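What follows is a structure written as structure tokens; I'll ask about it next.
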Amino acid sequence: MTNTERPVDHGSIDNAMTSGEGPELRELYRDFESANLTPLWTQLGDLMPMHPQPKAVAHLWRWSDLYPLARRAGDLVPVGRGGERRALALANPGLGGHAYVSPTLWAAIQYLGPRETAPEHRHAQNAFRFVVEGEGVWTVVDGDPVRMSRGDFLLTPGWHFHGHHNETDQPMAWLDGLDIPFSHYTDVGFFEFGSDRVTDYATPNFSRGERLWCHPGLRPLSGLRDTVSSPIGAYRWEHTDAALTQQLLLEDEGQPATVGQGHAAIRYVNPTTGGDVMPTIRAEFHRLRAGAATPATREVGSSVFQVFEGRGQVVLDGVEHPIDKGDLFVAPSWVPWSLHAETPLDLFRFSDAPIMERLHFNRTHVEGEQR
Amino acid sequence: MTNTERPVDHGSIDNAMTSGEGPELRELYRDFESANLTPLWTQLGDLMPMHPQPKAVAHLWRWSDLYPLARRAGDLVPVGRGGERRALALANPGLGGHAYVSPTLWAAIQYLGPRETAPEHRHAQNAFRFVVEGEGVWTVVDGDPVRMSRGDFLLTPGWHFHGHHNETDQPMAWLDGLDIPFSHYTDVGFFEFGSDRVTDYATPNFSRGERLWCHPGLRPLSGLRDTVSSPIGAYRWEHTDAALTQQLLLEDEGQPATVGQGHAAIRYVNPTTGGDVMPTIRAEFHRLRAGAATPATREVGSSVFQVFEGRGQVVLDGVEHPIDKGDLFVAPSWVPWSLHAETPLDLFRFSDAPIMERLHFNRTHVEGEQR
Amino acid sequence: MTNTERPVDHGSIDNAMTSGEGPELRELYRDFESANLTPLWTQLGDLMPMHPQPKAVAHLWRWSDLYPLARRAGDLVPVGRGGERRALALANPGLGGHAYVSPTLWAAIQYLGPRETAPEHRHAQNAFRFVVEGEGVWTVVDGDPVRMSRGDFLLTPGWHFHGHHNETDQPMAWLDGLDIPFSHYTDVGFFEFGSDRVTDYATPNFSRGERLWCHPGLRPLSGLRDTVSSPIGAYRWEHTDAALTQQLLLEDEGQPATVGQGHAAIRYVNPTTGGDVMPTIRAEFHRLRAGAATPATREVGSSVFQVFEGRGQVVLDGVEHPIDKGDLFVAPSWVPWSLHAETPLDLFRFSDAPIMERLHFNRTHVEGEQR
Amino acid sequence: MTNTERPVDHGSIDNAMTSGEGPELRELYRDFESANLTPLWTQLGDLMPMHPQPKAVAHLWRWSDLYPLARRAGDLVPVGRGGERRALALANPGLGGHAYVSPTLWAAIQYLGPRETAPEHRHAQNAFRFVVEGEGVWTVVDGDPVRMSRGDFLLTPGWHFHGHHNETDQPMAWLDGLDIPFSHYTDVGFFEFGSDRVTDYATPNFSRGERLWCHPGLRPLSGLRDTVSSPIGAYRWEHTDAALTQQLLLEDEGQPATVGQGHAAIRYVNPTTGGDVMPTIRAEFHRLRAGAATPATREVGSSVFQVFEGRGQVVLDGVEHPIDKGDLFVAPSWVPWSLHAETPLDLFRFSDAPIMERLHFNRTHVEGEQR
């Protein structure tokens, strides 16, 4: 078991407070229960562990398993009002069948058949999509049609209406990420149905949000008020790819640019603040050169990765897994993970880091660095 | 049932996506399960409700029930290492026996017998104490002894060592508030044992933190770096009482000062920022004149109130309860609550509002105000 | 006189305090002077006017006058150590011969002859360059060579080493903007000589800063610490032009995008914060359709405009001036200005607005809007 | 001359650019002038010095000189509309007769005779008062009467109406501090006359602002919106004295509390933010034990000190001056200053540090510390 490192644990401490016995004590515990009270001293070790002890486990889902299941759902389950989306959620094996990839995050494969429309709705939960392959779907966000293509990262921040439609004769599948588990647990969700069809079937190459906001270092004078979430609806692959390419070229020239040797990375940000794209979700893209590796890292909070291109290995909680295009894996809180690239390796990553940082619970431990 | 108000709900919508039947579909659902996948369309209504539908319920605990149980625990259960604290947590009846007053908050009665010491430890979880009656205990926070007396609000922000000792021949009980449920769910907790005895048995009237920081509008030049949590360890009753008294006097003079007619209120704040005392917990004190009332209010996030003095009623989710000194009640997310004072009524309140605000999930609905 | 609008002014008030006479009073005033004291009551009207009464006046400099003078300086004055730059500062006629375009801002035409080098230095003052015509010069900022071409906006924030060199057989001239007057008045300047030659004579198309930072909405993971000034050294014309073009196209489509009818505009920003590029200087680019106009506007703080392309009129303090490519004009604090475009009209603008906003002195009055 | 320390200065550098001669060059310089242009290269050393070279000089004014002059003004000059205030400004000998103690700051002795009223007005300039001796005057700020007594620090932030009245048969004098020079130079001032008499002649012990806001760590729920300037109108001496006393007692106990050995200090802050009381002015109070001293310090920006109690020396720009109760002195930008206490020494201090910090021009050099 790799997930311990501190010498002293609750388990090794005598709990004098729980050693008592006798009828009076048993009656007291019964009276606690009738009064809706629970003693701390009997469950401290579970409630307040020495370090995070997530129920969620590290797990990997293979694209080669996921995609055929999504296609079968496409054949058998119609998309429409009520169920709203043909989305298959990654269910963390440690979380008892809940449709949660971690306690905070939701990750699902959404599948839209040829010519289908997913109806419009809005919710307090924050959502994004990441496209590992395919094209031909437009997502319409508050009336702004946004093209979805391979490598694009697309936002639907909380309380924006959105629906999708497939303009082609081919199905399309992509990754959906949301904060549904966090929102459900903390009771913050609101939901509203919108139009049964999308409100605009136009298929422009670029959304209005991009046309206003995707000019580097330039802010429209009509948009001087900072927004909670990014006003950019689509972060295009060509920009992500160019940014990573430049970082590695700069590294070749001996300039500081990468986050580690052979490891280029960008964070998707809200241009009005320079901070995370949404209040609960961080999104990044990482590129490793063939042969590059990352040190084993533990972080408070959970992360989900999807391989975009290339092959390599991930070591999750001490177990090595081969990874290939489309594969998804989750690193729960404080579980160590490291990557190794066999070929050039591109990965999309998202996490709940903004929650941890805004509430000051964030901690990181990188193997080989001073604590 | 008062907790619905929107005309359209998931329940009233046909879910075309779940209407199918047949062996192929059953096989597909089985294959989802083996692949650790869960369809969204079968559980959308639960996962993403039209408005918060907390499992936690509105509930009230009477001081006249709580205190005798705490005293019996004092007789039967020794305080000490391992169990650490003789604390009885309010267990929300809707949360299945968990020691949680709400999904985010912990509220407990802690009881320390004559001459007892609760050993030192520290944890990432944020904690406070509020003293509804009694005196004679000192809490020692990072080596700084802090007197605890009736009406005082005392802080132990995350990762500060703390222990308590009772200097008298009388027992003492108080309210502990923490973010244990939130921290447990999101896997952010760290814990460390400290000294088995407190590190300083001095019993000064004022802690060093107060002596440095409790001068209104004055900041020590040795403390110019903002801190995540308040550097004030003890907010004394005399200041709280004076602030509320002045607000009502100013109201009498026709000046803007109160938050509503006959309703004075203060928020405890971090003097380095003017914001909440800790990143996850808001604390306030409210005073209503005899006869005053508050409008029915729904808020995203949960709140716990303790009556400090006086009598009146609380209406929780449409049900009226009489309230008296020491009584505690919880209003879960989006459950309407209102107060009515029979006598002058003083209440301590704490909530998870900083979580909601920092993550931009906060919403409030006050009866009679425009939405 | 247009620069008054309030009915009551100091001038129309009897100053009872200055009406006295007599030997005792004259002696008192003499004694004030020997004691290095000055009475307020004799100069209140000047010191604390009813509204800003700048000594700086609205003024316009024609490019057709400026450029030939710069070229003559190029023939007669060598560039080099000591004088450092062949820069001709716009001297506001109201400021008594000081090389100040306004009390806060410096605007100068810098001229670099064929194959010349301006030596490296650094200073606390913040600087930028804007290129109204020409190409072939590289500015080297902390060792990063930055190409300068028509339409580019280039930064040299405080305390960065910089020098320039002309790689061609043609001279080049551009606009320099700095906060020299403000820095001089407030005594904040530091200066240090660097290399007599630039430290890198490479002539790349894109600077390292651009390669790291000019990907819309993407932030390098190696650059997560916010910076006081923008890390983007060059804001290229192609991006500015595209942003303005899109705003006008969106306006054509009936979408909100422009700041006024027929008036597109962007602000250059620091991508780490979304705020101004430097702590003291705001920079923007404005485009008016032929026939478009702006309402008369007064602002606290001063602005300088340079026509980049097109023809039209500016009304400054009630006086209309024709404007053409390269022309520069200044609107001092609270002096009304408005623009009218005869042809499509492109203008670069910079101002001291960050000073006014950070110190909360900013006010704006737009003709026809509610005060 | 103490105000230089860098080995290389402009003066020691050959300025090749100014060495030319001849009729063509003379004509060019004449043409510059007619075109309202000024070459940089002839004045670089003055405009952009190696370090701040303030025209303002270090200077000390003795209370024993100031107060009698104020009293004579009280006898000869009536206070009233037009002149508004009987205020004697400290005129820095280096600033050519301007009523400026430094380029940014105004410091004046205001004198109000028995039963006099200074009429109400408001202005964009930020103002405070500090009372070195006396009592009996109330300043009425936006209708809130504020008692003025020895040791109190009182605020009149920009654009708040204010007037004063003396309720006694004794005159009273105090220190006024404002940002008049900065505001005048940058053209940001607005001014408006108010009532000729104060709007409320009540003489309460505590202002409404104090009654709402002067409870340590407590914020009224009716005041949750942060304010640009502090809502506290009066910082009372009893609090300042107590804070300093506690710091020295804590130092005696071996606790970190003081800013240097034997040197207690507080900053007056805005309780809604923890930051400076007004956007342009910082105010502090310092207490040195008898025998204590401060290291020689240079700072960007200017400071004014007033001795509140005690005796000692200040070394200003290398020159030692004895200091006594009421004496005022100014340390201009980058001029070194240090204090030595003969008796216990209390000093009030104000400065333009918020301007420097908000614009990122702040630098400090303390003798004996690493640069």
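Chains here go by letter, A, B, C and D, matching the order in which they are written, and residues are numbered from 1 within each.
Criterion: contacts are C-beta pairs under 8 Å (C-beta built on N, C-alpha and C of every residue); 3 or more make two chains touch, one makes a residue touch a chain.
The UniProt protein names, listed by chain, are A, B, C, D = Gentisate 1,2-dioxygenase.
If you're wondering where the values come from, they're calculated on a predicted model, not measured in any experiment.
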Longest centre-to-centre distance from subunit B, chain (CA-based): C
Cα-centroid distance, subunit B relative to subunit D, in whole angstrom: 44
For subunit B paired with subunit C, centre-to-centre distance based on mean C-alpha positions, whole Å: 52
Cα-centroid distance, subunit A relative to subunit B, in whole angstrom: 30
Residues of subunit C touching at least two other chains: none
Overall pattern in which the protein chains touch one another (line/ring/star/complete/other): ring
Footprint of subunit B on subunit D - complex, ascending: 208, 211-222, 224, 226, 230, 232, 235, 239-240, 242-243, 246-247, 249-250, 255-259, 265-274, 277, 284
List of subunit D residues in touch with subunit C within their complex: 8, 10, 13-18, 20, 24-25, 28, 31-32, 35-44, 47-54, 56, 59, 61, 65-66, 69, 72-73, 76-93, 97-99, 103-104, 108-109, 123-125, 158, 180, 182-193, 228, 279-280, 300-302, 332-334, 352, 354-356, 358-361, 363
